[in-house]
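After the structure tokens below, expect a handful of questions from me.
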Amino acid sequence: MIVLMKHDTAPGDIEKVMEKVRSLGFLPHAISGSQSMTIGITGNKSRIDTDLFMSMSGVEDVIQVSKPYKLVSRDIKREDTVIQVGEDEVGGKDLTVIAGPCSVESRSQILEIALMLSEMGVKFLRGGAYKPRTSPYSFQGLKEEGLEFLKEAAVAAGMHVITEVKDTETLPLVMRYADILQVGSRNMYNFSLLERIGEQRKPVLIKRAFSATIEELLMAGEYVAAKGNYQIIFCERGIRSFDPLTRNSLDLTAVPLVKKLSHFPIIVDPSHGTGAWDLVIPMSQAAVVAGADGLMIEVHPDPSVALSDGFQSLRPDKFKELLERLRVISPIVGKTVRAPQSSTLVSNN
Amino acid sequence: MIVLMKHDTAPGDIEKVMEKVRSLGFLPHAISGSQSMTIGITGNKSRIDTDLFMSMSGVEDVIQVSKPYKLVSRDIKREDTVIQVGEDEVGGKDLTVIAGPCSVESRSQILEIALMLSEMGVKFLRGGAYKPRTSPYSFQGLKEEGLEFLKEAAVAAGMHVITEVKDTETLPLVMRYADILQVGSRNMYNFSLLERIGEQRKPVLIKRAFSATIEELLMAGEYVAAKGNYQIIFCERGIRSFDPLTRNSLDLTAVPLVKKLSHFPIIVDPSHGTGAWDLVIPMSQAAVVAGADGLMIEVHPDPSVALSDGFQSLRPDKFKELLERLRVISPIVGKTVRAPQSSTLVSNN
Amino acid sequence: MIVLMKHDTAPGDIEKVMEKVRSLGFLPHAISGSQSMTIGITGNKSRIDTDLFMSMSGVEDVIQVSKPYKLVSRDIKREDTVIQVGEDEVGGKDLTVIAGPCSVESRSQILEIALMLSEMGVKFLRGGAYKPRTSPYSFQGLKEEGLEFLKEAAVAAGMHVITEVKDTETLPLVMRYADILQVGSRNMYNFSLLERIGEQRKPVLIKRAFSATIEELLMAGEYVAAKGNYQIIFCERGIRSFDPLTRNSLDLTAVPLVKKLSHFPIIVDPSHGTGAWDLVIPMSQAAVVAGADGLMIEVHPDPSVALSDGFQSLRPDKFKELLERLRVISPIVGKTVRAPQSSTLVSNN
Amino acid sequence: MIVLMKHDTAPGDIEKVMEKVRSLGFLPHAISGSQSMTIGITGNKSRIDTDLFMSMSGVEDVIQVSKPYKLVSRDIKREDTVIQVGEDEVGGKDLTVIAGPCSVESRSQILEIALMLSEMGVKFLRGGAYKPRTSPYSFQGLKEEGLEFLKEAAVAAGMHVITEVKDTETLPLVMRYADILQVGSRNMYNFSLLERIGEQRKPVLIKRAFSATIEELLMAGEYVAAKGNYQIIFCERGIRSFDPLTRNSLDLTAVPLVKKLSHFPIIVDPSHGTGAWDLVIPMSQAAVVAGADGLMIEVHPDPSVALSDGFQSLRPDKFKELLERLRVISPIVGKTVRAPQSSTLVSNN
């Protein structure tokens, strides 16, 4: 159930509603829009009598949500939610470009990439330190050392760190280094992990599982929100299909669907979504035009020697070309792509 | 095998090579590029000795094609093939916009739509007269009468007709009315129909079957080309997947893949591809940016009373909005969208 | 709509009901059960008034069928329909075993196989003469010559011929040779072909398309039945899925589903369904126990030299082993497998 | 790499080989067959020189395994591995029948079911205490109390407990109550959980994820085996597909495939695999005949009031009928199904 508060409600009235919810043994979730506040109620097993709240001071309306997802639903908030990451945003006017290698491979590798990306105007650095791999015998990431290298590189380059949380055991550690936590496709149904992350107050990017429906993706977000973490970013990364020509089948329709059904941002990972670097550029452009709030791109200085996923990584020059194209395209859908740092300096290429 | 002719080869030399191919009992296919000619050879059961041609006058090179598709492959022609339809083109600089109702329902319905679309700048009119339907008890189209209404409307509006050929029996009839023949998803594996169409000299649009791989789609084109019809347009219209929220899963990656592997154009049908009118606009934009040569959109003056597929048809005002957006976006990928006719006139209704 | 006639209705009363249906401009379908007759009515665009028939002599009840498939539905006939093929049956107590090579390759090849299979007790000989192939350059079958060889071999061996009808053009020819017409997976949505076959009075086996739902498979049967051909056999042959280890994903659940929803028999093709000969034996057994009325198995004297599908064909000794296993298993589900002819002779190897 | 020891090798020689492996910094895995021992080696990053072991006493052969799965592969052990659970076995001659409700709902519910199942001859009791649910607001199981009820019921009925481990946090708790740990479909890619379970010495049943390939399923087992737990049971439970008529698409071909590729047993869950109780009986029979080592069936005294998955649960009488059918069918594939207790005793409660 949702309690819509009036535009100019006094904080005290809001608190009274929340107290009322708690007194009934339920959980109140204060979701703030640009002008008013909505209070989502979870934890109830059956319908709550709307009259309990309708008469309270400052209450505009009380609404039952019929969809299985409540707190991530557009029903609770008409406007887009913008996630704040330092001075930057996800879901706002800036197109969020997340880039970096599949895995952190060494201090110098990640530092080199970070500085290069930063110069191109990229603010979000990705890199896997704990890698869930199909085989127990494959490279599993540099682990804590990888996190250190990643953070160090990001700080040096003035970027934010996004990296995967593999399990609840390493969550506290990853919390120390990451600015955005990433839940990988294989963990989208790992509800215990989602709940632990829900208890944190840090943005989380949730990747769609290999064959998850859009509703299941939204429900994964609901697990996080139900615990009080309302900084959720969804990520489409391709579904499993039958065509051997592509690693996955990038489902761009997920973008307008998620935007329609949820107030949280959605970004697209065309690197995993296609598995082929030469499909990354056209599909990145398409994703932005379909309404994506951002992109997550694998970039590697020398894809041929990457420890994982080299075939789908862009070389720096190709990535630069992609950014230039995005700078042209994004304004059409109301987004902007940050200029390269060099352009703010005297000699602009 | 492919015989590449030199840039300035005399027509006589080309004919000699083709004669040589025929004399060996094989079929020569002359595929002309902007500056030179390529001769594809089919009908051979085993490898042909390249020396047979290398020494002939005007021959630049002789190449074995390892891919299963030969004549539709980029290997035989590096440049894009542009299909001429009257004074208009598919695969050229103009974004091909095909629009109209799912079914031709009456003379007045299709005429009204045609005039409206034409005024908006649309040159290609779609409308089903022979409808393959899952149920034998569903509306199967107005048949020949539908073709007449469609052609009449197109002529009145100055448009080209594209309509589905359901079977070989009605092919001669459809040939009389259509400017572009359409092979529906259910007929993509109907090789007998493809061969009959291959014997025609009229453009054909081939829709991807529900779970066809890209290679199978290209092979359907190869069936047409092998019979000498080199006016092929591929069409992505969504694959079958597991998510009940959409009718199909629009596979936009097919666009850059087909552009990479084939010299023939590809267009996208986001109406069937999503099955929901409010997803058509974002996915149309995404398709164009991914590199599609055109779009096929279901438009109906009153979707709520359409005899088929109303839920995925755009109302005229929404379609007009889509065209306006496409006019802004297309130039970014080097395409243009025709201006509305009304805009060139003084009084704009 | 269905008109159920009383057990002991006079033929004249049945004819009167059928005449009444015709007089209304609809089509009557007389479907006979073991004790009573049901008259299915198709061709109506809207609901028919049940009172029109309820008062007629011999009428037991009048029922509206809510499912999209009417004549193939269990609603119209509670008992299993048994298809008569010469002295043999499909859908009765005998497990229908259809065997033979993927393609008829030569007179001696098919004769040798037929005699061998016949000796093992097999009554249905399969063999492709018109082969729909993904590539126009692949072996397309021996065509009419293949049909001749096939028929000749079947006659010599005392077997029935089942072979694929590729298109309406060759249907009359195939009709002359085949005892059961086969509609391949690629033609399951070829409604024009289904309608032409519906006008014949010969059994037809319809293979499920690569990604057809069970309802679509039943609707393909409905197309045949709506034209008056009530001798339909459905065939599960694997759906398209994501695992590269198998050619298709054999969906055995289709068997109990089709048995539940339709009165027509269903058989299983584990050769195409798995694409691997060593999976054919376990999956054949499983199919029978799941309730299949029969099996269609690719058998080749020397799979390594087969012109098509060798990797999924059983060698004769393996096929013999399969038959022996089926003879043990089938009785458990109330089916019997014909004994080898040799067992009825004095000493035959 | 695999070191095959000779039939009559002295334990000391085996220990020397294992010591040698450890001295190289790798992990030795002693996998015992009926007559000889095999030592699998993991932890190496590159190929190991086979000569290092070939000359050692007792060594028969040294083999490189090319498949990505090593310890679960048939290459390391030709015979079937039989998992011992108390006095009972999984993968041996007895068909393993696991039955019980989806969720433990109350002490009396699970006790009643356990006694009833035990009387029917069932030795393995299933019941969820920690339930991973798509919605955070759905019933999540009785948790530790559920485990207590489940264990108590199993002890009273003389049965073994199999129950799902939802996460690493609750693993120690579940270890105290479960005889077989279950990894659910949603956790098949949860490598951290698999590794923790690999460190235990208790049988684990791993359910295939919604769209996991067979190779990925085997790799999940490899994660467990690589940590030294060689008591693995695979479980096919249906893959995600496109047909709305069934909850999942039960992929029975997985059974002979896993039996071919791995020495570990595989069982089938037709309840989740079909999502419809009336498909459970035919598909259970089919699974056994396809070679499954057992079945996992949801049984509920009153499915209409079950807190989860009622629609796919068998009523006790239907389950009893299934067992009777399995007793007839299983011997054909060399398996036996335990007789009901009541049939062997004069008066058993």
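Note that the chains take the letters A, B, C and D in the order they are written out, and that residue 1 is the start of every chain.
By our rule, a residue touches a chain if its C-beta (ideal position, glycine included) is under 8 Å from a C-beta of that chain, and two chains touch if they have at least 3 such contacts.
Please read all numbers here as calculations on a predicted model, not as lab measurements.
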Handout entry: Longest centre-to-centre distance from chain A, chain (CA-based)
Key = C
Problem - Over-half contact-pair match to C-D, picked out of the listed pairs A-C, B-D or A-B - result: A-B
Practice task
Could you quickly compare A-B and A-D and let me know which has more C-beta contacts?
Solution key: A-B
Exercise for the section: For chain A and chain C, let me know how many angstrom lie between their CA-based centres, rounded off. Expected result: 51
Problem - Between chain A and chain D, centroid-to-centroid distance (C-alpha), Å - result: 36
Practice task
Could you list which residues of chain A touch at least two other chains?
Solution key: 211, 240-242, 244
Exercise for the section: Give every residue of chain D touching chain B within the complex, in rising order. Expected result: 240-242, 244
Handout entry: Residues of chain C defined as touching chain B within the complex
Key = 42-43, 68, 70, 132-137, 166-169, 186-187, 189-193, 195, 209-211, 216, 219, 222-223, 226, 240
Practice task
Enumerate the contact residues on chain B facing chain A in the complex.
Solution key: 211, 213-215, 239, 241-246, 249-253, 255-257, 260, 273-274, 278-279, 282-283, 285-291, 325, 328-329, 332-333
